[in-house]
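Pasting the structures in now, so scroll down.
Shared between the two complexes below is chain A, which has chain B as its partner in the first and chain C in the second.
For the complex of A and B:
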């Protein structure tokens, strides 16, 4: 079985139109579809129908996350493996989610819904599919290439990590352990870079953040400038660097309070997942691991999730 | 028009300040040098949860209903101060400790200009 990439996040928002404006004007995504009150969006360097689905709701949060598999047969394999591990598994018919083929929805031990799918309708790259310009529009939104990863919260990150590694073949690149040996934070990958799905401490079923990848530090700086110019609420720190992953980062919030990140510089993780040992962070160094420049973590960083 | 806002903490502390009828309570608190926890500033994350003990509020924009509820019992418990404005004098029990900052005259002027 092979999961190939983090495909999409299906978000709950209190105001779909305000959220759509945010993800187009600030994040820089393309609106690709509107079906039954839901809005679908995609970044410039991904040909699939969507990487974000906005669902009208009375609360902010995460409806589900989607991961693509390498082969249609992986859906049956994953469903069987998840059921054998005791997880609830349901089937999704083709086009039940717009622009997407049949899928398998697995309830993680943290109650998050994880949807696996093989087919996505193709809309092409933003630059077009024939004789494109190498650089996309220089005028709209953040210079986001693609939706890269998400951090979700769990009462027991170790339990969810074990499920994702043993059942769905994720690899672990980095982790933070408390003095009692309990895993507090876990960075997992199925694609080419160090995190596709990360777990942090907090309520089951909640979202900590969605991360959008930009080319380089310059684009993160431009992202901060854009956020400030447009009055988008940012996290306590502006531009910073995570010790974990070493990435350049800025956090901000969509109009429903769901946290977003512009970041660049994730290192590559080639190789067979379970043969690449993870980096371990101990609690006495975690402030540096979280925010390398400030060497401090505001209370709001892990406590507030949607 | 202004209303009086009172914050109470769980250890018997209190602070009182005024808030305009179109102003988020979190902003009025900041102007008064009372810093409560704010993260998303968009009614979604629950950092600014507070229990209303008396008075009345309305919301400037939609807020996340699940952050108004107690996570264990599911009962309605909190208001979110980043998008709440008072419609009368109102008292809140603040879930997380606030910080006081003593502003110099120049800082007070800057705070007023910026809010």
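For the complex of A and C:
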């Protein structure tokens, strides 16, 4: 069958406890496990064991990203297809990553590690699974439903896009092309959402940002208030809107410098590749595409990756 | 073998029949009051889409002697899916009708149709003509088109709700034969008999369902829901609808605990119940995905987190 969703990001952080406090008190996740010095966290409206893994490290960055598949046979099939496309593939045993069944780890052309897995232990929604009050919680942090997507950087976004479309059945919703006709930014989905995985220009193997979804534009606004009140460093423009996708957004950083985003928006894609021609952004419109109100893109926006 | 999404990938359209002479009232309501884009009109038929939708229609209204739900269209990946699903449906003893392209609707590819246990007709197709996004494909402004501003102008069709005297049989069919999954289910207090269910096929961020099943008359429509960006929009939409004299359900804007959507239900001039919704359960097309479970004695809270009294009329079919 196929990929279902972006499942988790495994992050390198310099201070695990400081990072855990950030993802709980600011982002609004739940800490769900601590194993071998690693901290596992999950959003309030996701029923799986984790969406973030914090790994102690001497530098910030992305260890791997995880996507779930909906058939156990997908693991072998994906491994074979990835190897046939020239990618390195390794196996991960059940519980090698806490709360997770066996998986396969594919090295993308951009050197990022992409882990596919079928099973995740269930922890349920924060509000409970039986006759729940439908509000996750109003206690701490942002009103985040789930980890929605990530943007990773690549020297050749087109090459990675081709791999993901061909091998893993991603579709492309939007893209930005440079004047030479090269794909500069690529937004890819594996469900009916705008993007699960996006690629931008920059060094191979790096993370640009992780995006956490909130229900409402108002929740993004209150998210910025929270970030400012708590002294969390944000992107220069604070609250903005991406012209690309038409979503409300604010960027900020965890204590190690990994970039996060609160965003909201409704955008439905057809779920499969090639049904609808992608939206194409050209460079002369990219300022509006990136930051719709400000109509400008600071250099730091693409340069800062971890 | 590379991976592939298979089977139903999206809710395509809802097609209803209304006894509305020349569809005058309906065309005025869906264009001017609700804010859909009329894409085709021919004698006895009007087709609409939402402003964020690339395909030619998501709502089809036929002029008919009696009001009623005609069919619900779901999109599959390709014709191979049509063959496989036809075989699975026929294996349950339900006959399947095959139609060539452009039949019964122009611009629709080859399709199969069948009547599900609840009495509604489903039509599955791989192609529905792509007109392109109304705001364009080149560096677009993703804003509500100017001519629709001041109306709700929903972004997408979100889900369709149907009624049946035997919700368990319909839910079971949708799950077992068409591979839908439950995001929420309401049962009798002992957990035994399903009374209502919200079902989805794909991983989606808004609405948490593509088809929902409520107890009631066979073959009928409960409501059609459309996607909005967020709750505060829906509050404003309620103002516009009130100003246009639209009949709004007594629940008014509310958090619908059953599905976690922020919702407003109202009626078109012919009495068809419609919904604007935002938020909702984040779904995942995975066999291990677990639904939220509700019991009948919590029905009031399930239908509205904000209202103190159960609105019995909400459970009735509308078409």
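Definition applied: the second predicted complex is superposed on the first by the 303 of 306 C-alpha atoms of A that agree within 3 Å, B and C clash if a C-alpha of one lies under 4 Å from a C-alpha of the other, contacts with A are read in each partner's own complex, and residues count from 1 in each chain.
Here, a contact is a pair of C-beta atoms (placed from the backbone, for glycine too) under 8 Å apart; a residue touches a chain by one contact, two chains touch by 3 or more.
As the structure is a prediction and not an experimental result, all values here were calculated from the model.
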Report for A:254: first if it touches chain B alone, second if chain C alone, otherwise both or neither. first
Determine, under the contact definition given at the top, whether A:15 touches first (chain B), second (chain C), both, or neither. first
I'd like to know which partner A:66 touches here: chain B for first, chain C for second, both or neither. neither
Who does A:99 touch here: chain B (first), chain C (second), both, or neither? neither
Let me test your reading of the model: by the given contact rule, A:141 touches which partner, first (chain B), second (chain C), both or neither? neither
Counting residues of chain A touched by each partner, does chain B or chain C come out ahead? C
Thinking of the overlay built on chain A, is A:58 touched by chain B (first), by chain C (second), by both, or by neither? first
Classify the contacts of A:235 with the two partner chains as first (chain B alone), second (chain C alone), both, or neither. first
Complex contact set, residues of chain A against chain C: 1-5, 45-47, 68-70, 74, 77-78, 80-81, 119-120, 122, 124-125, 129-135, 145-146, 148, 166-169, 190-193, 213, 215-218, 243, 245-246, 264-268, 270-272, 275-282, 284-285, 288-289
Touching chain A in the complex, chain C uses residues 1-6, 9-10, 52-54, 75, 77, 130, 132-133, 137-143, 155-156, 202-206, 227-232, 255-257, 260, 262, 278-279, 281-282, 284-295, 298, 301-302, 305
Along chain B, where are the residues that touch chain A in the complex? 37-47, 61-67, 71, 96
Quick one: in the complex, what on chain A touches chain B? 14-15, 58-61, 203, 233, 235, 253-259, 299-300, 303-306
